[in-house]
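Both complexes shown next keep chain A, but they swap its partner, so chain B is in the first and chain C is in the second.
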Partner chain A sequence: MKPAPFKYIEVADEEALTSALADYGDDARLLAGGQSLVPMMNFRVVSPEVVIDLNRVGALSYIDCRDDVCRIGALTRHAMIEDSDPLSRRCALLGQAVRNVAHRAVRNRGTTGGTLALAYPGAEIPLALMTLDTDIILRSKRGERRLGMKDFVLGALDTSLSGDEYIRQVEIRMPPPGSAASFVETSRRHGDFAIAAAAVVAARDDHGRLDYLRAGVAGGTGAPVRLTALEEALSGDDPDDGRMADSVHEAIAAIEVFGDHHYPEDFRRHVLKGVLQRALKDAIVGSERRHVR
Partner chain B sequence: MQIDRPFPQIEGRLEDARLLFGRGRYIDDLPVGPSTLHAAFTRSPYGHATIAGINKDAALAVDGVVAVYTAADLGAVLDPFPSIVRGAPEYRGIATGKVRYVGEPVAVVLARDRYAAEDGVSALDIAYEALPAVVDVDAAAAETAPLLHDDFGTNVVWRNRYRYGDPETAFREADRIVGIDLKFPKYNSTPLETYGVIAEYLPETDGYVIHGNFQGPFSLMPVLARALRVPDSRIRMVVPQDIGGSFGIKAMIYPYMGLIAACARLAERPVKWIEDRAEHLLGSASGTDRNSHIEAAVSRDGLVRAIRMNIRENVGAYLRAPEPSCVMRSLTTFSGPYRIESGEIEAACVLTNTLPTGLNRGYGGQQYMFSLERLMDAIARETGIDRIEVRRRNFLKAAEFPYRTTTGSYYDSGDYHGCLERALDYLRNEGWERMREELRASGRLVGIGVATCVHSAASNIGYVTLALSPEERAKRGYNAKSGTNDFAHIALDASGRLRVQIGTAGAGQGHATAVAQIVAREFGLGVRDIDVIDRIDTETTPWTITTGTYASRFSVVVGGAVQRAAARLADHLRIIASSLLDAPPDQIDIEEGMIRVRNSNSSLSLRQLAGAAQWNRGDLPDDVVQLHVSESYGAPNLRSPDSENRVNAAATYGFMADFAMVEIDPVTFVPRVLKYIAVHDVGTAINPQLIRGQIAGGIVHGLGGALYEHLDYDESGQMMSASFMDYLCPTASEAPQMSIDHFDAKSPFTVLGVKGCGENSAMSAPAAIASAVDDALSEFNGSIAELPVTPPAIWRQVAGAS
Partner chain C sequence: MFGERIALDLEVNGKPLSGVAEPRTLLSDFLRHNLGFTGVHVGCEHGVCGACTVLLDDQPVRSCLMFAVQARHHSITTIEGLAKGGEMHPVQDAFRRHHGLQCGFCTPGMVLTAVDLIQREPDPSERSVREGMSGNLCRCTGYEGIVQAVLAAAKDLKRQSQSNRTEETQ
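Entry: the complex of A and B
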């Protein structure tokens, strides 16, 4: 478990980062928290010729919540999200998701950009971002691009990043005040990637009707999936148990789910339904309570 | 003279300061010279394949690579490792002609450093031709299965049948026969520290110096010496002061010691190899997985009269020493804590395209306890008698000890009913049943499970020879085996300080602390007044074939030797004092560092006595100046097996009463152990804190096997749990709330009355947890027959029921 030889470049600002990427492009890998890249290199699953360390680019590490938008720099550690007051007030889903990522030691290193670029199926932060209305800002010498999460994550370990690009920032349009969030995941041990996870945010209008509903699932789905049909079907009057169960069933039947050696497809579908139903109930009941208050 | 005082206790352990401040000295901390080469193994990516060709050129061209050796090269100085079973397929520790499991060493690259060595591994060009693989033990035993060792003609590498008492009559007369089929999984110990070897060849003596984190048993040293073609004493084995966890797995480092030593000889330079995490999962050793059928002849009132068992053990790609010993606990203590007077056991070891097996904390205990305790639960279910009541009815009674089982095991002492009752007190006081009802009422799946098991300790090396038939053992020229022995050395220096030397190859158990307590008690001193050296260098440390830390033997055997040495030294000191104080030795007491004449004011300090004995020898009578004492101790009642395959397999037999409370999520089916009770008869408790630590660790180790850890392979022989992403070790978050207590039914046979405690719930927890899962799934008529209990497995069971 020693990496193959590589050239190490440390960059101190975005300009140097951009040119290093322009120079080395496809032969390079960015080193952020290193919580995935380093083990992959040690296993020689990847053997980049160049490693560009961006840990010194302080300008990429921030959480900036203003008006209805929250901007998170790519180098922001998971632990910073966990500890952020504005985020926990306005975007509780992300905080809940982050608490399901590994253990604190890993969260002290792992970064927002890293987990997005990796696009590991069953990763919690990408699911939360997919569920909320999120844009990803990418940058290269050629310029800047803005992609919706759906266009950014293409599948398991697959994104639209080009070789010379880096993730600069995540932009979340915050759910309305008074919304309730629920992140439910199942894993065999505390801190593992999710076997199945569901994220739901719900909020009500002045009349108490559900007018904001966001729902997504991950785990066995390749990329995390936003369930827009379910969101539409369940908005408005509060669904009864039957309507909710039917929608959940339809939603999970409609998506592609992969089985593997440990968790066959039919089991995954079963637990996806289970966690989704729980998250929906939690969030819908929670939004009721918040509304009454 | 018999001292009767409690063992002095201390906060923490003598070892703590060293270990907790990072001053432990592990294998990778040992300094090596600049000429030392670093090794990396090329390992098979295939479960089963022919090696069509190896081209070393590209690897040798890598900067820093010095040599590349394959089996063909190493064979010049390394023979196959001898097996317990005569005629078993050759085991060389490195692939010859074929690879037989993923992770099998195929070549060793030696280089300037480990990085370059791994670059050499990446560059090495090996052509394979894939062959069909077989990983399931029953599939491998079938006649049509692909053969692992073509010349051997079958994958069934060993089989034997054992019969005790009169099982035929018992089954004929049974009111009911209860039988179940079970699968026990392949898992490991994952010590924090992996294997490490530093070896050097000394041409001037034709000998080797091997540093390695080898835990024993030292009966494997002759195996190694035979492979390296040198007399036993030409291997100077040095075990570093600290080992970062051993658990049996560190016994199985021996093939790597052979390979690295052979590399050092061929390269004419010292060679160092530190196993990495991935290698440890793929290529170290594992516990043995087993498919089995077990059935009981049961009377109307739930008494078990006889047991029949059919065991198919999956030993992986090679049968290597000390296999097939993993089977033997299933014979020698097949009746567990119950009065079962007849039994018939048929056992086979089968080769498959998986990692070869070896010791894993409990060696065979967890497998047979799972069978026997699952059977007791099945009997309870089928007879309608309560699970605990069935056990109580079948238990041996306190008055029956010492008790000779039908297999020859000689149970020294016990009060199984009393110990179980103590565990039930915890269960009642903690309100387990009320909690279960409340949680169930709120829609959760919760269950309580039980396991009651015998914990044999300080194994008789003779049990290993049950692998041979009585006829083979009766042949001329056969050397019988029996016993378990060890040494202790104690010395008083001129300043009056006591120093004890032992060689246990401990791995953080706190041996030095316990030894200091034994000696401190004898001399009425404080624990910190005693210095303990616990290190092995076979050139200077006395050792025996049975030396090592395994089979929960430390307190029984090493503790026994230490106690004897201390008592003998104390006797010497009394004789010396008698001449200095002019009083008969039996009137002299030693306590708190003072030597006193009873009922008088006459005394001197230990320091004065030591000073006089060291500096003023001339004035003392000639025969009383022994300030160094070595004692060996052999555990009692251990003979070689008789012609009926009866043998007392261990020096002492403890008892364990375990309860587990499990919750299963009703939607995702993720199981969790919420609470655990372990009340164990460990005999005399030298240090309750050390015992607690052992049992807590054992519970989590057993929890790993029950719910999480699984070295599993797909059909092609790929390991599906080759990193910690998929090989799930329980962490602190998964550990249950534990209530741990010990119960003292002193052994009448061991020196201190101790019974050993190192394997404990690592053996019983899989059974207790399976029992709890059954109870949690009672509305679905669930019955766990296979571990680990995973969410998909529970889901299938529940879906099948509804």
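Entry: the complex of A and C
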């Protein structure tokens, strides 16, 4: 339960980070919060030759909400998101998701960039970001590029990050005012990764019709999945229970779900439907209440 | 790479200390073995049990999920730093009164987690205490006493800060 030896490089700014990645690339692992990397190193699941510690790159730690966009630096700790007033006001989904991430002691270290780079299938923040309209900004010596979440997370533990790149920033386009969010998760114990989780944000136009609906699920799905067909099917007039149940059934039937010896595929699909239906109801009812007021 | 050792300065329980560690040395091991803070209990070594919890710049963290070199120029509080002038911290005292420990292995992590929980939420409900403490495991399963102790400590600390305020205004 002790990590194998490695060469430790601590960088103090983005320039040094970019050069260190250019020099060591695939042999190196970036150490941000370390809440997944260090246990993996303790178990020797990974034994990187070089560890590049970016915890002193203060310029990557910020939450900046302006107009319709919130920008979150890659080194922003989960606890900062949990405690952020602008985010909980304008992007309640992320605040709800982050409260399901492990425990406070882990959230004090774990970072936005770290959870994205790992892309663990049951992780909450990637699901919230996949459900909202989010871009990820990546940087390397070769330059900067911007990817939508869908092009960034490719599958379980699989992303578009190259060996010499790091995640710089996450950009979320805010849901419209009056929206309601719901994040529903089933896990074995509080703080565990999700067996299944669903994220929904709903908002209404002036006539009270659902004109903004975002829905996503994770857990047994590889990458988190945005359910665009369901969003279209349920927009407009409020769905009754029958129409909602049918859409949920179709949406979960259409996605790829993996089973394992703890949770077989049909069990996961069953739980996915349950959490999705609850999140849809919460968000749709919540947005109604806001419209009336 | 083998044998590389890095000198580090840090503050533990208000005192500046220094030491030397390999990059791979976990903060938990460094605090226990190099600096002698044996109140840092090492349980699972993958961030699940919470026994090794310490305060890093007043925030609880798992010391088994940090390398010692990362604590350079930070201030750390271990369980040894809570009692002041021979007086137990109110959270420690509440754990004693409410039978919040049996074997005591999980206790340092429990107490430090509770100190932060009460600081962030001075008047916690039982539900939020259970949720806030759920990242710390007690294998004696003495959770009832632990929850009662944290609730009582929150009340004690509130009373204490209120009476301090009254004294100040008098």
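Throughout what follows, the second predicted complex is superposed on the first by the 293 of 293 C-alpha atoms of A that agree within 3 Å, B and C clash if a C-alpha of one lies under 4 Å from a C-alpha of the other, contacts with A are read in each partner's own complex, and residues count from 1 in each chain.
Note that a contact is a pair of C-beta atoms (placed from the backbone, for glycine too) under 8 Å apart; a residue touches a chain by one contact, two chains touch by 3 or more.
These numbers come from a predicted model, not from an experiment.
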Ask   = Is A:35 contacted by the first partner chain B, the second partner chain C, both or neither?
value = second
Ask   = Does the superposition put A:146 against chain B (first), chain C (second), both, or neither?
value = neither
Ask   = Taking the superposition as given, does A:53 touch the first partner, chain B, the second, chain C, both, or neither?
value = second
Ask   = Of the partners chain B and chain C, which touch A:104 in the superposed model: first, second, both, neither?
value = second
Ask   = If you stack the two complexes on chain A, which partner ends up touching A:6: first (chain B), second (chain C), both, or neither?
value = second
Task = Please work out whether A:189 is in contact with chain B alone, chain C alone, both, or neither, and reply first, second, both or neither.
result = both
Inquiry  = After the superposition on A, what does A:267 contact: first (chain B), second (chain C), both or neither?
reply    = first
Request  = Check the residue A:173 against both partner chains and state whether it touches chain B (first), chain C (second), both, or neither.
outcome  = neither
Task = Would you check which partner chain A:43 touches, where first means chain B only, second means chain C only, and both and neither mean what they say?
result = both
Ask   = Which parts of chain A are touched by chain B and by chain C alike?
value = 1-5, 39, 43, 103, 189-191
Query = Which residues, counting only chain B, touch chain A once they are in their complex?
reply = 114-115, 118-119, 122, 276-278, 665, 667-670, 707-708, 712, 714, 720, 723, 725-726, 728, 730-731, 733-734, 790-792, 795
Residue numbers on chain C that touch chain A, as the complex places them = 1-2, 4, 6, 22-24, 26, 29, 45-47, 50, 53, 56, 59-62, 64-67, 69-70, 113, 116-117, 131-132, 134-136
Task = State the interface residues of chain A toward chain B in the complex, per the touch definition above.
result = 1-5, 39, 43-44, 103, 186-193, 195-196, 261-264, 267, 270-271, 274-275, 277-278
Request  = Show which residues of chain A lie in contact with chain C when the two form their complex.
outcome  = 1-8, 10, 31, 34-35, 38-39, 41-43, 49, 51, 53, 55, 79, 102-106, 108-109, 189-191
